[in-house]
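These are the structures in question, set out in turn.
Below are two complexes that have chain A in common, paired first with chain B and then with chain C.
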Partner chain A sequence: MEVLAYFPDYLSGLWITTTASLLSFAAALVLGVITAVFRRSGIWPLKVIGAVYVEVIRNTPSLVQIFLIFFGLPSIGIHLPAFEAGVIALAINGGAYLAEIIRAGLTKVPSGQFEAARTLGLGRTDTFFHVVFPQAARYVYPPVINEFIQIILATSLLSTVALNELTGTALVVNSLTFQTLVAFAVALVLYLILTNVVSFAAAWLGRRMFHPPLQLRQERQHGKTLLKRLTIMAGGR
Partner chain B sequence: MIVDVKDVRKSFGDVEVLKGIDLSVEKGEVIVIIGASGSGKSTLLRTINNLETIDSGEIWVDGTAVHDPKAAHNVHRDVGMVFQQFNLFPHLTALKNVTLALRRVKRMSKDEAEKVAMEALAKVGLAEKAGNYPQQLSGGQQQRVAIARALAMAPKIMLFDEATSALDPELVGEVTKVMRDLAQEGMTMLVVTHEMGFARDTADRVLFVDSGVIVEQGAPEQIFTAPSNPRTQQFLHRVLEA
Partner chain C sequence: MRSTKNNRRSVSLAIGVGAAVLGLTLSGCAASGGDSGGSGSAGASDSVVQQIKDRGTVNVGVCLTSPPYGLIKSDGDPDGFDVTIAKKIADDLGVKLNIIDTNNASRIPELQTGKADAVVCTFTITPERQKEVDFTDPYMVTGRSLVVRKDSDIKTLEDLTGRTVASTKGGISVQIINEANPKAKQQPYDNYAQEVLALQQGQADAMIEESNLVAQAVKKDPNLKVVIDGDVGDKSYFGIGVKKDRPELLDEMNKVVHDFVDSGEAADAFTKYFEADPTFQFQNLDKK
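Our next item is the complex of A and B:
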């Protein structure tokens, strides 16, 4: 098949998708934690900044946010390559969603934990990093991983700023071969593999990182259905 | 005098919960506070270690003016507290629960903190459970770890707020035993409890609190056998009959 001749291009597209996703997610996580802490702080300017950021991002299309950074910033003299612009846009976007997830997680830590920490003389910083954050991390782990998957899927939007990530590659292959169905099906399967690898890795990590081990049951079921799908595709039952 | 509470008042919204509390505690004294639900027992304990601020009055703990917002944070050096719900840190082992404040607050080295923590855990009979997480321990064991965590900080005063109320009946004894041992060693203790047996045999003084007022106080034998206030009589009648 003609499309398969472009398999190396798909792989380099997958690589760009993977690195863009990882970088965006890492930056979004930092932004999310900072914003969540801002919104819980007693300092009102920080609260307002956090709230405005979250509201603006969550109530506007991701695509417009990407366009603003890639096409809009050059007009004020900031020229960013597509990859950098895309990562920044997705980080800012993901950060707003993660901020809300993390904020909810911090709220779930019982007040008795704060009281115990205070009674022992632990300061605010120690209480946050040694008592509150590790517990909140456990609560938010599943939705945070889910947001990571969303970021992976959102990288396909970066094809609109001419980044040859996975979707961009499929678009190019389609225009060269006109085998539309196969060209996009290959991209689809590669996305599926990537997201499932992430799910499995996250479930594995969750079982080791937390006490007691955190089970991501939904992810496992998700993984099973993929396995079934692959068997079917391979001609099995 | 190690604790001195002078005419303390405290309201939550419109409801006055402490209505002029006066209380002096001598070093080594074991005080048991009894009273109906909602009478203000927890609030009284919590004002002493600054978990609740007060509206008026004074609270002195070993020279620290707890009523003074600038000085209040120092109270945590002298006062340990044990809660009804244990409030152990669930993500840390028993040992780490104890070492955390030793390291972060007392700035001990890892070895030093672990040595002190193991001594505290041994004292409550749980040295061999040091590596367990709270959810791998029974309620009684969790509460003993919580006591060890407080004791490791070498407090001068220990507050117990219904430390056994969340426990299955068969686990109460192991916790009250630790508390009795502590009293024996001369720890100054303020204990809110429904365990009248503990109050009888361990308390130096029993306080009966009703609607935010200390209505009656005295030696356990006096309070339990010859209470002078009708409300104390009523309360004890209800509790001891049950």
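Our next item is the complex of A and C:
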């Protein structure tokens, strides 16, 4: 297998994919929380900034956003290397989606919770961080993890700005070995491993972080295993 | 629980229908694959040219992001030096031309998967590529140049140490840069247009590319300059790529190539698209 000779390159590609996703997600989460708070605040300029940001980002293609930051910003003197440009682009992009997810979560916390905390004498900040946010976090945890997975998959777009992450590596290996099927299959399997590690870790964390424990993976629901469900779907008993 | 039972039945029915459709599709593929799949034997390979004629169109892969070899005019039609050859292929076979826009990295997969019958796209003939596809005799010879921005201090290949050098994925520049200076940082882009953009915007310090492409880029952008003209690495011989084991189609393509070069059409097209008279580009092609 000629492709397997490039396995170390795939691993370094996987490393770049992993670090780029983690950094983008962390920054996107911060951006998302700030924007969600902006959009729920009573101060209209903040509301407008939040709304414009979310609408502009969610209604334009991520690839164009990446190109704008990597190829466009040098025109005004800002030169960002491919990795930094990519992380910033994905963070800005993910932040807009996370803002809406978090905003929905905050909205779902009954207003009585807020009022009760205020009545008990807690300040606005304390109420937000100790009463509202922990409850919202439980609601938004599953969709936030889903967005994390989306960010991991979106890093493949960074191959277009000559970053040798996993997809970029597969493209280069393909062009060197011409073994198209194997070259991309290796990348696919590595993505699958990465995303599954992330979702299992998130499920584990969800069970421990929340009280009562949050179940992310539900294949054992109603006492039916995945295998049983498939058997039933296929018409068997 | 009658309804559950019904649901269950309808699900298994749906799966059954799905499986049947899938089965039919697969057997259909197998049948159509059988016609072209046996291209190893002489009888079957004869039918490839016949198939193209029966189909009435020939699919030719051309890179339309590498002006003036391949480009899309403002009215939306493809044009360029390589497009001229693609048109000649269609004329020779007496069929309509269907141009497939491709890029360096997709040239070989395009042929192997049968999406393109032939590929004309600054396709340098190399021994590694000849293991995967067949090439016609060369229709052009060219070199590679080193290009930088006007304000750059890069003058030699040694100066590239630690600097970023743009190339295209699947192009031979990747290997040439490696041989010229292994300490250069490679930036392989998806296509030529992005590669030039990276150099123009300062995201790459230099670019090593085919000399005629480079000459055009420098003519259009006064901020770029050629430091080494056509003399980086070995000379490149461009050929038309065809899927392996299709001798009759290859013969036909060779006829197109020889006619294109010998009739002087190649030189005319060169003058038209590169706005310069050819010097060595069409000489001693048989020496390859």
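The definition used in the following text is that the second predicted complex is superposed on the first by the 217 of 237 C-alpha atoms of A that agree within 3 Å, B and C clash if a C-alpha of one lies under 4 Å from a C-alpha of the other, contacts with A are read in each partner's own complex, and residues count from 1 in each chain.
To be clear about the criterion, a residue touches a chain if its C-beta (ideal position, glycine included) is under 8 Å from a C-beta of that chain, and two chains touch if they have at least 3 such contacts.
Predicted model only: the values in this text are computed from it and were never measured.
Of the two partner chains placed by the overlay, only chain B lies in contact with A:116; chain C stays clear of it.
By the touch criterion defined above, A:79 reaches chain C but does not reach chain B.
By the touch criterion defined above, A:204 reaches neither chain B nor chain C. By the document's definition of touching, neither partner reaches A:7: not chain B, not chain C.
Judged by the number of chain A residues each one touches, C leads among chain B and chain C.
Look at A:174: by the touch rule set out above, it reaches chain C but stays clear of chain B.
In the superposition on chain A, contact of A:15 is made with neither chain B nor chain C.
By the touch criterion stated above, A:134 is placed in contact with chain B alone, chain C being left untouched.
Against chain C, the residues of chain A that register as touching in their complex are 70-72, 74-75, 79, 81-82, 159-162, 164, 168, 171-172, 174-176, 178, 180, 232-235. Here chain B touches chain A in the complex through residues 49, 51, 73, 76-77, 79-81, 83, 85, 87-91, 100-101, 104-105, 133, 135, 146, 149-150, 153, going by the rule given at the top. The residues of chain A lying in touch with chain B in their complex are 110, 112-113, 115-116, 118-123, 126, 130-131, 134-135, 138, 210-212. Considering their complex, residues 8-9, 11-12, 15, 104-105, 108-109, 112, 129, 131-132, 166, 169-171, 174, 187-190, 194, 197-198, 201-203 of chain C touch chain A.
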